[in-house]
Amino acid sequence: MPDVKDREEIFKIHSQGKPLAKNVSLKKVAERTPGFSGADLANLMNEAAILAARRNKDKIYETEVLESIDRVLLGPERKSHILSEKEKKVVAYHEAGHALIAHFLPNCDPVQKVSILARGQAAGYTIKIPEREKYLKFKSEFLDNLSALLGGYIAEKEIFGEVTTGASNDLKEATKMAKSLATQFGMSELLGPRTFGDHQEFIFWGREITQEKDYSEKVAQLIDEEISKFISLCYNKATEVIKTKKDYLDKIAKVLLEKETIERKEFLKIFT
Amino acid sequence: MPDVKDREEIFKIHSQGKPLAKNVSLKKVAERTPGFSGADLANLMNEAAILAARRNKDKIYETEVLESIDRVLLGPERKSHILSEKEKKVVAYHEAGHALIAHFLPNCDPVQKVSILARGQAAGYTIKIPEREKYLKFKSEFLDNLSALLGGYIAEKEIFGEVTTGASNDLKEATKMAKSLATQFGMSELLGPRTFGDHQEFIFWGREITQEKDYSEKVAQLIDEEISKFISLCYNKATEVIKTKKDYLDKIAKVLLEKETIERKEFLKIFT
Amino acid sequence: MPDVKDREEIFKIHSQGKPLAKNVSLKKVAERTPGFSGADLANLMNEAAILAARRNKDKIYETEVLESIDRVLLGPERKSHILSEKEKKVVAYHEAGHALIAHFLPNCDPVQKVSILARGQAAGYTIKIPEREKYLKFKSEFLDNLSALLGGYIAEKEIFGEVTTGASNDLKEATKMAKSLATQFGMSELLGPRTFGDHQEFIFWGREITQEKDYSEKVAQLIDEEISKFISLCYNKATEVIKTKKDYLDKIAKVLLEKETIERKEFLKIFT
Amino acid sequence: MPDVKDREEIFKIHSQGKPLAKNVSLKKVAERTPGFSGADLANLMNEAAILAARRNKDKIYETEVLESIDRVLLGPERKSHILSEKEKKVVAYHEAGHALIAHFLPNCDPVQKVSILARGQAAGYTIKIPEREKYLKFKSEFLDNLSALLGGYIAEKEIFGEVTTGASNDLKEATKMAKSLATQFGMSELLGPRTFGDHQEFIFWGREITQEKDYSEKVAQLIDEEISKFISLCYNKATEVIKTKKDYLDKIAKVLLEKETIERKEFLKIFT
Amino acid sequence: MPDVKDREEIFKIHSQGKPLAKNVSLKKVAERTPGFSGADLANLMNEAAILAARRNKDKIYETEVLESIDRVLLGPERKSHILSEKEKKVVAYHEAGHALIAHFLPNCDPVQKVSILARGQAAGYTIKIPEREKYLKFKSEFLDNLSALLGGYIAEKEIFGEVTTGASNDLKEATKMAKSLATQFGMSELLGPRTFGDHQEFIFWGREITQEKDYSEKVAQLIDEEISKFISLCYNKATEVIKTKKDYLDKIAKVLLEKETIERKEFLKIFT
Amino acid sequence: MPDVKDREEIFKIHSQGKPLAKNVSLKKVAERTPGFSGADLANLMNEAAILAARRNKDKIYETEVLESIDRVLLGPERKSHILSEKEKKVVAYHEAGHALIAHFLPNCDPVQKVSILARGQAAGYTIKIPEREKYLKFKSEFLDNLSALLGGYIAEKEIFGEVTTGASNDLKEATKMAKSLATQFGMSELLGPRTFGDHQEFIFWGREITQEKDYSEKVAQLIDEEISKFISLCYNKATEVIKTKKDYLDKIAKVLLEKETIERKEFLKIFT
């Protein structure tokens, strides 16, 4: 994956021959696009050009470029997506849950944006970007981000007494994170400093297949238990935040229902 | 999947060049076709055109369009399908079972139509459509719809003392729902807020294969137990409704045997 | 699968251009060919034409059509197949066993024909056809037909003190039925109203492969126990019939050894 | 598989245009070639023609045809195969073991020929052919033939105090027979009248693959135990024969070492 | 794999037609490239030529050749890779951990170079090369090198109180080594002098697949336990070194943060 | 596989047109090449021709033919392979270990040659050839040869206190032998006279795949235990020889270090 300097370089290449306004800071754009591949960056530039054209601008300004980041990251906004009032409230509390945990746990990446506008397949979204790109992640960072991931689910449970199908992707991602903690990064005290699963990858008819299970049934059980323990640990931590900071949860949800999208600045004001 | 607005748009496209009567409300049709793909909508329009032609109408009226919905959804009516009196009675009670549960459980989608006319592979059918399209589903809605799914099986058992092969598809669907509750949506207290089964999909010779089992045998057993627990919970809930509302069950079955098909209005009259 | 009306229609198509005698009742043929596919019906018509030609008839009469049904169902008669006297006796008692159970258990399909003439791979055969085609099957019907399937095996054991390899196909079929009772039709009290085995089918190099085991080892064991319980239940039921009605068993076997084939009428006379 | 009458017919076809002596009884040849496919019969006729040519005969006489049966059944004699005296003794006792059991157990097919001439891969061979072709096999016949199969192994153990690698194919065949008794023919009291293993066959890249294990681990264990129980039962039965009839064992081995091959007549004389 | 003499020969071939300075000792280069394949050696020569060209030298001197070894071994240096101060400190202590263990355990290969310059995918690296190429490895050498592999992980834990994702590859390699000790080299007292896993390899669509598990679940569990025991043994040994020699750990890390790369000579001075 | 007579014949064919000296005994060569395929024999003749040419001889003499046997059997000698003194000592004791056991256990094939010259992948080798080709192998021969296979590993342990990676292939071969004893040849008292593992072979993309496990987990465990028991039995037997005959072990190793290769005659002198 390209790092921040690579991205700036790649970006320069893709902006050649495009009417880019002079004041666009490619460095800034590079900083806001961690995890983007070369193809994503090319795509981003095209989306910005389309947006500028739609707005009848003769040049691509920074606004267009920055606005296109979300589009590339999460897919196009889905205007026609009509949620019921109840559903909107669920989505608002769900995203508020993510954002609240991310705000209060010390090792989470900071919240950049929270929104209940549907994008791609998601009914809402919360964007967290670390202040600077990271090449190493401490176990504590891993765990706090896992807690934030569970925030939506917990908020639904806390406010509505039961959960919806909306947390499915969060749970999948959380499970994957907890599994890698235990099996790839040696972060489980019980399993110790070793890896599990040979990750013998091969391409089968153009798709990558992973054959993983190179351990005994007993170890498989220990891994399952460790995954559940990590999930449980983060769940409890996040639940405590949700319960003790419920006022803020309500506030974030309320603002979301009013304004649909909250940028970082506005978000921080909620807590002042 | 297209949402209600998408469907209206798609519908407009497919009706171009077809002799559509002016008073046909595309919005209404869009509302009654949740879950239809673009291809289904194209198909629906063709079926309506064929129906109109068969009836020697010069235009496609709303009647033809609405009548075609069932056809696209469930396949053509099978007139030649001759059930014995006993079988007809079984089908009537089976469908009455579905409809009764759907009517009395608070979180079920409302019944639109109940029928003992064979369509496609099914000997009868009960159509439930939510009042407005849903993007999120609460656990309670999930469970009540699962109960309704078991209603046919329970009614057979209650009335005839034993079940027939006719519930096979319902049981398959119910099992699938219970499994997703436990493994994809974090709705099992025992298994907690995580997912199971990596759903690593790949295309093999033009068919999609899913390799799922990424957990230990012990977890596999817990999942099986949770599926059975959900099924059992819904089974008991539905059985209670069937037993306490048996008069209505008999009434619905009786009307079905007389009229073969009951639309929503008529259906609601039964309970007044 | 085509139903009785479909079959009559298909039959009409396939008899076009063939010298069919006027009095042939296509309705009757349709009624006697439940479970036949379109290809089977075409095949049946050709066999009847060949038979008529061999008999130097200028038209295909009903006799030829009806005689061809067995041929299509079970394969050609194997005249050269020379069994020893002992083997003939085994086959006679085996078929008598099937027929006896089918006659005395209340929910079995009625016996149409019993024979010890070899056809295709089978050394003898018993044909049971329901009086009218069924679209639903009660658990009790399932179980009584399963008992009849075991009748041949039990008769061998009862008469000769040990069984032969001749019951292999019956046991395979019985196992398959018992399994579907437990895993597809929710007819096992222990396993409850759910299905097991995802039946994810795919075509692999032109053959259909089924990947079934989507449950835990513990459930696999329960399923095995339920299959054995159903088999055992039916085995005991059938054994009781064989023991208490042994006179009739001997009579059927004796007639079979004399006449080789018994049609329904004759068969019923045995019990009068 | 062609039966005895089929074989006579096929044989007639393949002998057309070949200089077959008039007194050759095709019926007799057909009777001595149970289990031969059409291709085997064609092959047999060619081998007989080659043999006649080698012997400068102008016609193919019955001698040539009968001598060619072994060649087609077991492959060509391997003259160059030089065994040590010790090895010859092992082979002689091994084959004597098979023959002895086959002679004394009441339900074995009768011994036609015993030989210590190497043919194909085998260092020696014992041919048993039933008096007339069988279409059904009783459990008792199955078990006695299984005992005969173990006779070679037991004779080695009895005479030399330990076994050699030479019994490998016998053990493989015996295991296969015991398994089919338990899983395909319902001949195990413990496992009951059902089958195990779905035998879902498919062709993969030109080879037939069988996926068998459709049962639980517990059943797999029961099947293993039943296989061992059948093997053990037959082993004990055969051991008893070997021990009580050791004089005959020595006699057969002695004759084999002298004459290399014993035909049925001579074989029977040993016991008079 | 080519040994040291082979490498010298191969090197001669690849340097033909290239402007190689006369004083370049091909023997020395061969000695410093154990484990290089023929392709690696060709690659090395090309890299040296490019480096010389970039430096406007008319000949390839030994400096260029030696500098190219790391490039071929670990990939190009990644200048743009900007680590935070915290991350740099983590990497420094991580590499210091590897180097410290390698220095103090008697059977480790000697440290040639330690660096916190990113190369290829790695944020830093430690190069250990045995004084002369080995064809056999004693168990004690295996174990001490395994301890060194864990040194980075342990140093992170010791200094920062928790580990990062940076040890992932070390743990994978350590697990692989521990597994081969137990399953391929007979070095586990518990498992004894035998191998496990048939390593039946085949090429599937251009990738090599290994099917390994040819043993029972109980053995799989024993293997898992032995792997953990070896890891644990080496972990404790390495932890003890890290704790008792912490001063040196700090020193190495400090020098790394100052100079980024430490060659062998400088490295040895730290301990004087 | 060709036997000794076949080999002599094949050899005659391959020597046609080659300048073979008259006194070369093809019979002798055939006797010294058991296990060679037809291709190996052709290869052997070519190697001998090349060797003769290199030595400027006008004919291929017996010396060249005999010297080429090792080359075909084990690959070319690797002159460049430079072992350290320590490694040489390890190899010498390793090979001495094999040879010592082979000499003292009564049922081993006799030692023809011991060498510490590297050939192909092996650092040294011990060649054992039975006095005459065997078609059957007694269990006792199997076990003694298995003991000899473990001799190298045990000698390393005895002399150096720990083992090296050099025994890897021996252990793999020993495991394979022990497994076949238990599962293919009925030589385990515990498992009895049957086989395990269906060895259903098929060609997949040009490689032969074996699907073996057709038994329960419990049997898999018994097989593992029997393999370990056979290994353990042979290990103890061999260890006792090594311990009681250590003087001879030292002697063989000493001669090997001096002369690098010991032929049978010289080898036998050591024990006089």
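All chains are identified by letter, namely A, B, C, D, E and F, in their written order; residue positions are counted from 1 within each chain.
Just so it is clear, contacts are C-beta pairs under 8 Å (C-beta built on N, C-alpha and C of every residue); 3 or more make two chains touch, one makes a residue touch a chain.
Quantities reported herein were computed from a predicted structural model and do not represent experimental measurements.
**Student:** Looking at chain A with chain B, do both copies bring the same residues to the contact (over half shared) or different ones?
**Tutor:** Mostly different residues.
**Student:** Using mean CA coordinates as chain centres, what's the gap between chain C and chain E in Å?
**Tutor:** Inter-chain centre distance comes to 70 Å.
**Student:** With centres defined as the mean C-alpha position, give me the chain B-chain C separation in Å.
**Tutor:** 35
**Student:** Taking each residue of chain E in turn, which ones touch at least two of the other chains?
**Tutor:** 204-205, 217
**Student:** Record each chain of the ring in the order reached, setting off from chain A and passing chain B first.
**Tutor:** Starting from chain A with chain B next, the chains run A, B, C, D, F, E.
**Student:** Going by the contact rule at the top, pick out the chain D residues touching chain F in the complex.
**Tutor:** Listed in rising order, the residues of chain D that touch chain F are 78, 80-84, 87, 90-91, 123, 150, 153-154, 160, 162-168, 171-172, 174-175, 178, 204-207, 209-210, 212-213, 217, 220-221, 223-224, 227-228, 231-232, 235.
**Student:** For chain A, which residues are in contact with chain E within the complex?
**Tutor:** Answer in residue numbers: 3-6, 132-140, 142, 184-187, 192-196, 200, 202-205, 211, 214-219.
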